[in-house]
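The letters A, B, C, D and E name the chains in turn, as written, and every chain counts its residues from 1.
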């Protein structure tokens, strides 16, 4: 079996009495899409935050490529190759779509402390940014101000920026949210191709997408992983159906 | 040939009252002289040193004035005067008299028609001796003029100091200081807190139940702000080179005509503005401004009749004059001052030796 | 974009034109006034770098303006009294050479900005506004009671400092010097605004989480911006003190911070030339309205109010359109 | 007469036009699905109805009244309850305060909302900012119900919700429809789930209403053409 | 230095703190609740003091003077809210700074134009004059005692209003998302006008109460404004509790610093240096306090937002 690139060991996070992450262990292996599903408020975003570095766990460790990154900042982890999307879009709203993408490319390349060369003339960065925009279908909107994008378009841009980073892994918190059916299908296609570039830890409520994409699924309920397995295993797990899927599967 | 005067003074913002009085006093004298060869250009310095410097440049370079005057505040004077006199202009100070300009940085073109900054404080020290105070508590804001004030007071005061403190510039609450005064065992208080600071202090002092006698320079008891202090000031002794009841014809006429003209009682600052203009006019009668040496000599003679009575210039171009003790009284509805004695006679200043002119 | 460029050039031409015209018609004071506007513009461009591009609303830029002023004051004072600044551990003499004074001002302002920034940038928003104010106020009160250099009275320098090959006492030559510095500063700032750093800084202003997620630390971006900003404003302070041949604690006061901020807002936040337009307009108003009435502040207030209410984005917003140019 | 009627609405964001010719009508007690691809103008239509965006042209009537010139709060008081895109809960207020802030007298009160979403009662004193995404969505719906509206507008109300919760919400919508006769304007990406409750549908494309009719009449060809599925 | 003096100074510090709270309360309300930086708060304070002085002059009644301060400041508040501030809610803070800075200019010079350049007279009434004897034999001004009580009452009232009442909740909701609360049927404009008027009235009231033992003059508002900002930032913006604690902290630091620092330095330096260095440091003390608090608690003591 291949070594996991992301390895979460016994992570615990409490908010007062609530254990949002309760001794969670989880890993992500090269080439796979590992979906993390679970009811609202189960602690998925909290876990993603702890992996990405926005929140420090009370205990437990996060290993990235064999290295303990628990103490590193968000920026440092991003530089090591963690690319993430946010559940609620986090974009530079006054910038154009292209500028947001270039920002991602710049972050990946480094050399932010350059003061005299116009960054929007940097061919390498532009090429990378445009490729990402093209991939999510935003190419024709590159000159638009981000604040003028519709909700769904912003979600697409969010993914595009993560793409520009060319990360070693993707952490995606509900990338499908807000996308129409067409958009979801398109993104599903993108993610499917993406897994070969870098494995994806995918938090998603869109079961069509999850079932279509996931190599493995972990189910988080009340801060605990209650099941991990293949699509088929999870679909047929009675506990999961009760806590999360409901009648979904029957339709 | 006439004279062109540039007046830079504070006409807007919190300290405007002083500038307005200086201006009004000055212009009254000019009007009374009946001369039509005096042109006065007036500008507002907003109490900002850099604005004052800019205005002085304007007066000198564009307006091409012969004489500058009007500045109220020492820090503005320090910003403007050295440059102006170095460029060959005559500066007549109607108010500020920082020690540097009396000593090291004195200049033949700089004449102070009000006082050297220490004078009124020195007089307060002298008066405290006369009044039999032997253990005084003294306070002033923590800036150069405040330090000068306490130094001036101590120069003449022979008793002990029950306490000596510097307050914050612009401070408005004095409960802590008053508590210290109460606890200090002092028999009297000397304070220098110009403007609103003094009003606040006096009101709070009167409210505190401490009733030690208070002495201060005229600045906190002048006509302009006395009404705002009200009863709290009654009976307080203060030192001043001028008072509206100084008994001479010039002063009587000044007080009367000022009241006629502007509908209010003149203040210390108004008298200084008035005297400044009259000094200038007296020089104009003797010499032409184009002959600066002669004009300076004429100024130095101080051959004008001052509202304060006797007036002469010491070697460093600062006044030699009597400094009075006044008491705050109420005349009808109006709070005002009454002279009760002379604190220092023919007082010059402490910086004569430092001035190499 | 085009229109903004035209307006930029017109603005510079106006400044230059006024100075030259004043020289021709022998109105040296007008040159001085223009120089004042130019220097304020430099200070504003400095503040704008932190405020406009980084969203760092510093209400304490008087700290750098004042420090620059005092660097000039103290160095020149020691030079003119022939007393050394320090004797131990090494002998430091005063100087009357502008380039040296500028360098020292820039250096010390940068260091001060580094210290203030490092502490202040732990906070954000209104807290940042107030903590920067706090540091400036500390310096203000320090300067007021610092008797060695005049306390509240300040320090007078009788003769303007020198610049090799120029007669700085000549208003036009000193103006030319300041104007050249303004141009240099504008050039550097406009390069920086379009650079990688500018892009990342602007993104940090808009969304810190985004910048972190692409692997950058907003704190570092902010700190660098703040230091650059402080250095530019410090240089302006040194020039301002030289213009007046005088320095006093007023340069440290919160009113000064406020005025510099007004230039920036008036001209247009985040516009490279905004502070230049703001400073010119402000000085012009001050000069024109001052003679109008003793209560001229009312008119000034009304005009400023009108600008905020009806010209969104300041003068540049009004004239060059609301879009911030990106290329 | 329709409860809500939009005729020939055009609207702009600054200089860019987002709605060109938008027509829509919604009857009392009806559930209307507003459909379209991303960025076609669904949310913009909602903003125009709630007067958060001023229509440049055209007419908007609600309950017989022209709402084009009314301020937003007056429109809301006429009986429009909005669950906006992106939830927009009051972040620093607690759950209870969020609900209370919107409350107007009527059948919906805290107890009724708590019965619909028990999770909210559990989180009663927690600030909205600390709620999970789904919890915030419930709060936004509860908040709109607290205004006791005649028309409830749900803009992507099930976005980000777990399947069980989504089913609950769809069930709740069905119940609202059956029991209260509340008119509902629905925006959602799941055609299947919309089909369970919607009576009628309007499809927007590039700021124009291009199709309006009974939901049942939506055929595969139409959805393929306008929605890409 | 006696213990009694120390106790008395502590009391003075607390009293000064309560006085500061009166000034800061309105500011934190407007600032925290409406997210508006109102530099003209100091002008409202000045307007209150001038209105009180004019009314006291005309009627001779202190209570009428206080009423006048409330009414005039509230009226001025409504006026500027409707004419100016209302257009600025959705602008960034900088536009608000410039606009309210302009208002300072207008109000200050307008007041000077109306009332002249000299300070006005405003004194406490007979029935609040004199001193009372507190435990430890401390002689204390009755008027200052009254200010403490009024300050506490205002604190309690505001706290209750913001935290508990429906109006308070809606105001805070509006602070989070003005558009959304309007879309829920709340007339947020009217609510904000009300809040602004309330904040203005409190400022004016503070101006009258404090002006009575300080000086009523043009420009009196600006130093107070800065102090009030310091207070609410230390406490955490928008928190009435924070403003209260912040005010007491600033009051104590300012008062005790002025008193103790020179004494402390006297242990190390000669008296003259100690006085001067001590006083300089005391001038900076509240700024040092503020910087210190913010470095360790970047959102102030009770800040959340």
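As a working rule, a contact is a pair of C-beta atoms (placed from the backbone, for glycine too) under 8 Å apart; a residue touches a chain by one contact, two chains touch by 3 or more.
By chain, UniProt protein names: A = Amino acid/amide ABC transporter ATP-binding protein 1, HAAT family; C = Amino acid/amide ABC transporter membrane protein 2, HAAT family; D = Amino acid/amide ABC transporter ATP-binding protein 2, HAAT family; E = Amino acid/amide ABC transporter membrane protein 1, HAAT family.
This is a predicted model, so every value here is computed, not measured.
Counting hops only between chains that touch, subunit C reaches subunit E in a minimum of 1. Counting hops only between chains that touch, subunit A reaches subunit D in a minimum of 1. Ranked by separation of Cα centres from subunit D, the top chain is B.
Chain pairs A-C and D-E differ in how many C-beta pairs they share in contact, with the greater number at A-C. With centres taken as mean Cα positions, subunit E sits 48 Å from subunit A.
Note: centroid distance subunit A to subunit B, computed from Cα atoms, is 74 Å. Note: centroid distance subunit D to subunit E, computed from Cα atoms, is 44 Å.
Per-chain CA centroids place subunit B at a distance of 34 Å from subunit E. For subunit A, the set of residues that touch two or more other chains is empty. Along subunit E, residues 108-109, 112, 276, 279-280, 283 each make contact with two or more other chains. The residues of subunit B that reach two or more other chains are 12-13, 16, 142, 147, 166, 168-169, listed in rising order. Contacting chain pairs in the structure are A-C, A-D, B-C, B-E, C-E, D-E. Residues 12-14, 16-17, 20, 142, 147, 164-170, 172-173, 175-177, 179-180, 182-183, 195-197, 199-200, 203-204, 207-209, 224-225, 227-232 of subunit B are the ones that touch subunit E when the two sit in their complex. Of all the residues in subunit E, the ones that touch subunit C in their complex are 31, 37, 84, 87-88, 91-95, 97-99, 101-106, 108-110, 112-113, 226, 229-230, 233, 237, 276, 279-280, 283-284, 287-288, 290-291, 294-295, 298-300, 303.
Residues of subunit E touching subunit B in their complex: 2, 4-5, 8-9, 12-13, 15-16, 19, 108-109, 112, 116-124, 129-131, 139, 141, 143-144, 210, 212-220, 223-224, 255-256, 258-259, 262, 271, 275-276, 279-280, 282-283.
Subunit D contributes residues 50, 52, 71-73, 76-77, 81-82, 84, 88, 90-93, 97-98, 100-104, 143-144, 147 to its touches with subunit E in the complex. Considering their complex, residues 52-54, 73-76, 78-79, 83-84, 86, 90-96, 99-100, 102-104, 106-108, 110-120, 122, 161, 165 of subunit A touch subunit C.
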